[in-house]
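In the part that follows, the structures are each spelled out as structure tokens.
The same chain A turns up in both complexes below, where it pairs with chain B and then with chain C.
Our next item is the complex of A and B:
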């Protein structure tokens, strides 16, 4: 249903091209196709296919053989493992930019996704040379929504006020016919009077067009008596008795008053004052933000792509892969596991880093951009090309499965309500929930990893992944 | 599962602290270890975990948004309520006892109002591995829902 209505509005918008001009005033969006042209932060060289009987294609390959493409050095970014944030932090600005632009790795620890804190801070302090960030756009939209809600709340109260008046008036008239009905309603009104009396002042001042009370299906006094009342009352305020309480009821202006304009207050913190100054202002701020890589992300960059080296805060020497692996196994839960409990020779296959990484590896290898799904109560979100291009289509829920384990019950402690609430949350944002079952190998299957060179590959190969896409089916709506 | 060490909890708190300070522009931030040292309080016992208190730029819980904003728009806004933030990690399991002990050892709001304004309230800051901090407001009992 929601889909069709969205489509309907979209076609309506395209059908009226005359409303285009105001859109041109919008600042142009950056060309994300150019910025994010590379899906991964690695340099690839394309060579045409080799066809043995075609000398031209052979020539190209010979050329590549003798004159390999110039690459002065292999770019390796440096990330620092931080036990405080239990993740890998990247601080070098070029590395941060590269990792974000080429594959959307990591997240700015003080931003929603792309590290934009420095720009936001500069703009907040009045720098005019920095472009608007996505957080600010969102903020503005939220402010507008808040104003809208405020306006709506005010209108609702006004309507209530009108109803009350109408009732009071008809009571004054003493129409015996609908007297009973009015009394019943006035009880409701008295209950909310405290709220209204506080608002009296604002209601009288406002130029809000009056909304006919018929809309609400409530008794209305005859229009003739209404007009009479207004002309009679000089002060525009009448004292009316409802029950035992006396409250001032204001008479609204006639319905011909001009429609009020929605007040859209857009605050840009200090920017409004600085805009008046024509001189360009430059501010310097110490960047407090870093690009934070999830453990799975960092491990993929180290182990699969080989373009990240992880160090600790103590030394600049990059850690060897087994050390990184061990560190990540330890810091996958809070509080972190003690060093003695994690050993590579007797690996715990049920470690949450291993299970999370297997799923991350699976989807990243298939070309998805995988991000954390904590805001949608799932484990991961899958983006087709990246967060700047489209919303995440799939929400990944990891469910470890212990079918190969002896005497271990499957998925204990998860109830139907849990799954139902997750699907409801995600269908609200038009995401499909995918249950990813990870068949966890037994401890015997992953034993003795430390001895072999490609042991990790073997260990990861022991995990099996099964996907089940879940969708709520509504019999009345989805008939086809 | 082992119990969280103090050092780990302090690490967790520092993550939330930097998030509140730099991303959400909270002010008047104080770090609370075991004691809530504001005024001469009557604290039942020590806080079970290190917490943070501070003032958000805008009121967090406000069941009557329309009436209050009308007053504030004209002149200077009054300072927002002091909030108590409890940092937790996404992967940790907390017992009901911990929650109860947090609420028990917090002072009752000094506003002195009746009903919902007087209920104890904490902000739970859930830290996750990708640096997202998800905040939840938790009341000590049932309160009037915020109007949407």
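Our next item is the complex of A and C:
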């Protein structure tokens, strides 16, 4: 999947891979296999190398085998529960990086998925050390497509005009040639279609030149006036840092020219003439972004893995697990349930946090990376290994089922048109919708869970899960 | 049409050409030349652009349609088939078997008389392949006389409308017929599910299709429960009595697979004991039963030994159903034989999960518009994904340039 370059592992180990060697036209992709090698933010235990002919080593190994050192949970990250966003916020940069790299937990609150706000900001301010972010790539692709459509519409309009003119002209010429006109015109149309179908490539080609400049890490175009103030101030310090030593920068920082300058360097080499390299520039920006964890994600990290502790905004003391559980149960709906209505002793199994969590846990524990599916009108998306490796193949739709409840109607409001609209949306993005029926236990079945060891695990085990994958079936396409 | 980024990932398999309106000019071309290649459809025009070219194209298309429809349909005497509708038996008796259509239709009794189901009759009459007659009014029947010898020839012909009126009810409703006809026109071989047969003659299908009696495991097999209990109880016993005890206690784990094993929540098997509630819903859930067995068109198809069907179709109306409940889905799947895990996995992880161990196609009919959706019994719980990173150096020799020999194991 990822570019398996020779220096892949070395670059990636630094976790902020630099993407562009100066000469290659295409930026190197970071080696995701290395960055995201760990599926969980828990540390593996590697036994020391065994030397078979050394009895001491053997003994040591035996000892380690039976009494291995505890080292899976090296740190416990801190998250703050935010009642406003109904999520858990993680601000510590190393925690954010770890949680994203090892299991793709959460999302950046200012980004589409991976927290990339800082990198985007740095690039906007002209930092050349930062690689292109996925948001930028997406934006560029969208712009290209928009441009292509504009061009196509323009061509269509042009051709239409041509036909109209020809028709008007033939009208003047007289009605005798009417029959001929149509034939002639249909040829025109064929011509147009051919041109349009060829347009795709030509447009992408014509917009191509704008891409490499960005990809090469060459300076971004001059910022608009409102941005200039910041970047000017930044560029002053930046140029002092580097400029004085190696690269003489001629432009005074006060000028209103773009903040990043190309410095011409003449080398003592006859073959290479003048070379343009971007000024090495360092910009410091305070990170405004944090990682947002869904309640299900946060609970998995707290309860199952035990590597996250959750506090509230007013105190730094970590909340005890029952408190967190209760909080999440309350904030499962909007508006949140009143505190008095949620009780741990008489747990209501039909709580949407519980049902969502059961499904989340089910797929996480099977090795899937589970992300929110709100963009595609479903509950979750399932990624194999993670979103950087491949698109989500499955879209999860949770269907609570109450077969054990007395007198409760099933699937209220889930009409066929509702289902069809969801499957249509998802087939457009090549995802398979999976109905996940969750058979909810009755309140009686979960009574007394708080007095047992592993009570919560037993409660979760009482929810039955059954997956039904949906696929549109078309008679004309299945005959073979 | 405005398309955004999402539509570029359009799945070709989901493009249904039959959704589009026919352009009859192509038909005229084909029939004129006697064959030829299948025409490629042009761009859709959505609004009048004011050119003569567009309006003349539209006129051509319209004329071609009228021309195609105005052709007189005729039948040669040779292939003319006739039948009599027997309202009491709710079947049509064929007088003489003619034409290839009977290869995948009807059923002969012991006397060699061919009988058609009501949907088969309607389909044949509708397409003009068969003429149907009313049963002759007669006095007290003579039970000794074989049925097929009675009342041939002197009857009153039925109109198409009359055939609908007579046979639709016995078909099980308009929706069922619409789906039947749609599948037949698409070229499939369609037979009713034996359970849905009201006549004994059609019950015997000549193939085994029912799932073997359930030797049910749980829906999700969750590793080895005993080991789990042992580990949790004996080794990590520090937090006994704690309902919130972490599932992954701090410790030394040699692989992620080992960790994931601990993350699994054991689930007990679910058996569907019909509660008071599901019993009450008995009539409703019976809407979700297999209606038709469908085979792909094949030249050597034999009615007497058709082999297992390729698809199972359940016809429902959007008027009186919504998304099936868990019990209804379970009931639907129960009747269908399932493949084992290895067979499902042969097509790969994704495809295996999408096709499931067995699947039913739900044909939802909304005022005549049919939408087919395949419901597959996926078993995600049986497929634990690879969680540990692939062994270093595997699959990419030459990666570690200078170092020779096998990659050192870490």
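The definition used in the following text is that the second predicted complex is superposed on the first by the 318 of 480 C-alpha atoms of A that agree within 3 Å, B and C clash if a C-alpha of one lies under 4 Å from a C-alpha of the other, contacts with A are read in each partner's own complex, and residues count from 1 in each chain.
Simple rule for what comes next: a residue touches a chain if its C-beta (ideal position, glycine included) is under 8 Å from a C-beta of that chain, and two chains touch if they have at least 3 such contacts.
Since this is a predicted model, take the numbers as computed values, not measurements.
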Is A:150 touching anything from chain B or chain C once the two structures are fitted on A? First, second, both or neither. first
Check whether A:111 is in contact with chain B, with chain C, with both or with neither, and answer first, second, both or neither. first
Check the residue A:374 against both partner chains and state whether it touches chain B (first), chain C (second), both, or neither. first
Identify the partner contact of A:83: answer first if only chain B is touched, second if only chain C is, both if each is, neither if none is. first
Considering only touches as defined above, state whether A:100 meets chain B (first), chain C (second), both or neither. neither
Which holds for A:357: it touches chain B only (first), chain C only (second), both, or neither? neither
On chain A, which partner's contacts cover more residues, chain B's or chain C's? C
Looking at the overlay, what does A:299 touch: chain B (first), chain C (second), both, or neither? neither
With both complexes overlaid on chain A, does A:142 touch chain B (first), chain C (second), both or neither? second
Mind pulling up the chain A residues that touch chain B in the complex? 83-87, 106-111, 117, 121, 149-150, 153-154, 157, 195, 198-199, 202, 288-289, 292-295, 297, 332-338, 352, 371-372, 374-375
Partner chain A, residues of chain B touching it in the complex: 1-5, 8, 11-12, 14-15, 18-19, 22-23, 64-67, 69-70, 89-92, 126, 128-132, 134, 147-148
Chain A touches which residues of chain C in the complex? 5-11, 13-14, 16-18, 42-43, 49-53, 56-57, 182-183, 186-188, 219-220, 232, 239-256, 259-260, 263-268, 270, 272, 275-278, 296-297, 311, 318, 321-327, 329-330, 349-350, 353-356, 361, 364, 366, 371-381, 383-390, 396, 399, 401, 410
Report the residues of chain A in contact with chain C in the complex, numbered from low to high. 4, 6, 8, 33, 37-40, 42, 44-47, 68-73, 138, 141-142, 145, 160, 163-164, 167, 181-182, 185-186, 189, 193, 303-306, 321-322, 325, 361-368, 384-385, 393-394, 399, 401, 403-408, 410-411, 414-420, 423, 427-430, 432, 434-435, 437, 439, 449-457, 460-480
